[in-house]
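Consider the two complexes below, in which chain A is the common component and chain B and chain C are the respective partners.
Take a look at the complex of A and B:
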């Protein structure tokens, strides 16, 4: 009986922990060279904003990093991000999943 | 002997290079021809409250008011000529009358024309902020846009629109019907009549069309019947950028005064440059910084009837007012 209870408890904990991970919105840091003027940043944000599941977009001009926060449980496909950046006339140089967005950015 | 020869050759080479540099300087770096302007005042800071900005871009003037496109706040803010806040209008979105990223503005009569970079259309409002209609849609066909960012309105109501990602200038009728275009859709070029991400357009008193050919670092001029007239910006206006008088590092907006002077914001040089309509360099204003009269990426510019200039100081999230000495 104890074993059954322990197994059930462990399974529930695993389930909740998985749900928690998926429910948490994910933020991605996209490194793009040459981002400085609004024509460029707006162009990139416009293309990235068309990807399904984007919740928030922001750009740090100094570091040339675009932060993309996705809606709960949605993952960002790197190929789609690459295509969007290319469509705006730039090349994606870095693609990282991060935990906390930098405060020094311009939000969408 | 060898050392003597070496010294001789080095000396001659140095002289030739010095002469070439001097000749280049004389030919391509003009000196100021006129006294410039003085900084008067500035207003604004970063935020979304009344009178604050989050990435301001464009500016246009009515007889007594200043209209600023507050791009990331997706709204238009209105001030008097002293910078006192009066009202704002517009809301974020893509529904008719809503704004994505409003860009370089124009006013003609009692209408405000707003190129919307995100929604790929021109939105037209009354000066009190009432939405009238939209012109254009996303695309690369005639009359369509891919990130319109600048506009000028002719006396007969024709619209001249810089179409950033389509790399062209379009002329449309007042109802939006296509008349003609300059530049090849989507193709970059540095020759006369070709564009590299144009950012703004203005009309001179004689009907000439002045285009800020943004990433070609130059200004191109066309006659009212569409013929290429002339261009300037760096040596031969062939996409050579630099910090010298008459050179640019991205022309981000343009306006023409009543007496025909051309004013352009020189984005990465953090200054404004003024020219005669034939391209003769007159003077420059500003320099990099956050103090009064300094700029961090100047973006929009508008010249009032009396010659007063209002400039969008994009990086400092403020508007600057300058007047002639």
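Take a look at the complex of A and C:
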């Protein structure tokens, strides 16, 4: 009986832990080469916005970084981000996950 | 005639429709070949152009004024290949003295549509800037009327909205862009063909544009609007026209324009204004010189 209770408790803890992981959206920092003007920014955000699961995009032109916040539980595939940046005419130089809710989170 | 009007109507309707999904880009004001277009994206540009030529020292005292509205539509097949279409609507007026009487002849209508494609053969993206080289080629189609008449008879070829001929064109454009400035240079050639017994001289030109960010002076995060000071240069050489295969010695020549202007660029719209001032005009015979060409335009993002 004790074993069953311990197992159930451990399972619940694991479940809550997982829920916590997916409850908080992930944000990625994309370092983009070639960005040099406001209209370029609009173009690249339009291409990145086509990726499924994107919740919010914001760009810092000076540093050439686009922040992509994904919807809850959605991970960003680096290859898809790279393709979107290429289609806008630019080059992906860096791809970093900047918000990590839990050490157990796995990234694609 | 009906086919041409249907085609132009279709183009106008398509532009209104496509303006719902437009991405605007920055570029030179006096030439369109440097407009960058991303994959699956449309770009629309509208320009209003006023031209004046009135320094005629012959007895005819010719004075030519033109008002044009030019619509440019671009589509990105992929990040390297883009297609462009430009359609002008023109209103031209010629005043001249003949037999001591001052005459006015004018015409208006859609001009010739130009189609061209551009392929980026070299691209170097770096942090805060890029460098691109792209050749382009296309054709000017005879969509404008080239046989307009008034009460004095058929209008001269230079006054017609269209040329009546299919004219191939090509060239190469280079762009260097950073966060503080952009430089574009193009070299192009247009071979004018014969129509209605008239052949305009071929046009070769070299254009350069410098766009320098005046405001904000420094960037402090986000995406602010940019105010560019623009300085462009147009070196244009046109060969002599031919009328029934005979060269018109009073046509063609070389002109150099200096073009100061201003461009304001935001994420959603762009506004621009410039004036082409003639610095050098070496026209053949009694060829008419330009006084100025003023243009303003806008672009929108949707």
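Points to keep in mind about this one:
The working rule: the second predicted complex is superposed on the first by the 99 of 108 C-alpha atoms of A that agree within 3 Å, B and C clash if a C-alpha of one lies under 4 Å from a C-alpha of the other, contacts with A are read in each partner's own complex, and residues count from 1 in each chain.
Here is the rule we use: a contact is a pair of C-beta atoms (placed from the backbone, for glycine too) under 8 Å apart; a residue touches a chain by one contact, two chains touch by 3 or more.
For clarity, every value in this text was computed on a predicted model and none was experimentally measured.
The wider contact with chain A, measured as residues touched, comes from C rather than the other of chain B and chain C. Residue contacts after overlaying the shared chain place A:42 against chain B and chain C alike. Once chain A of one complex is fitted onto chain A of the other, the partner contacts of A:86 are limited to chain C, with no touch recorded for chain B.
When the two structures are aligned on the shared chain, A:26 is found in touch with neither chain B nor chain C. Residue contacts after overlaying the shared chain place A:68 against neither chain B nor chain C.
Taken together, the two complexes place residues 36-39, 42-43, 46, 89 of chain A in contact with chain B and also with chain C. Of all the residues in chain B, the ones that touch chain A in their complex are 54-55, 57, 71-72, 100-101, 117-118, 147, 149, 164-165, 197, 199, 214, 250, 252, 267-268, 297, 299, 314. Within the complex, the chain A residues that touch chain C are 31, 33-44, 46-47, 58-62, 64, 86-91, 93. Here chain C touches chain A in the complex through residues 23-26, 36, 38-41, 78-79, 123, 125-130, 177-179, 182, 219-226, 265-268, 270, 301, going by the rule given at the top.
Chain A meets chain B in the complex at residues 36-39, 42-43, 46, 49, 89, 106-108.
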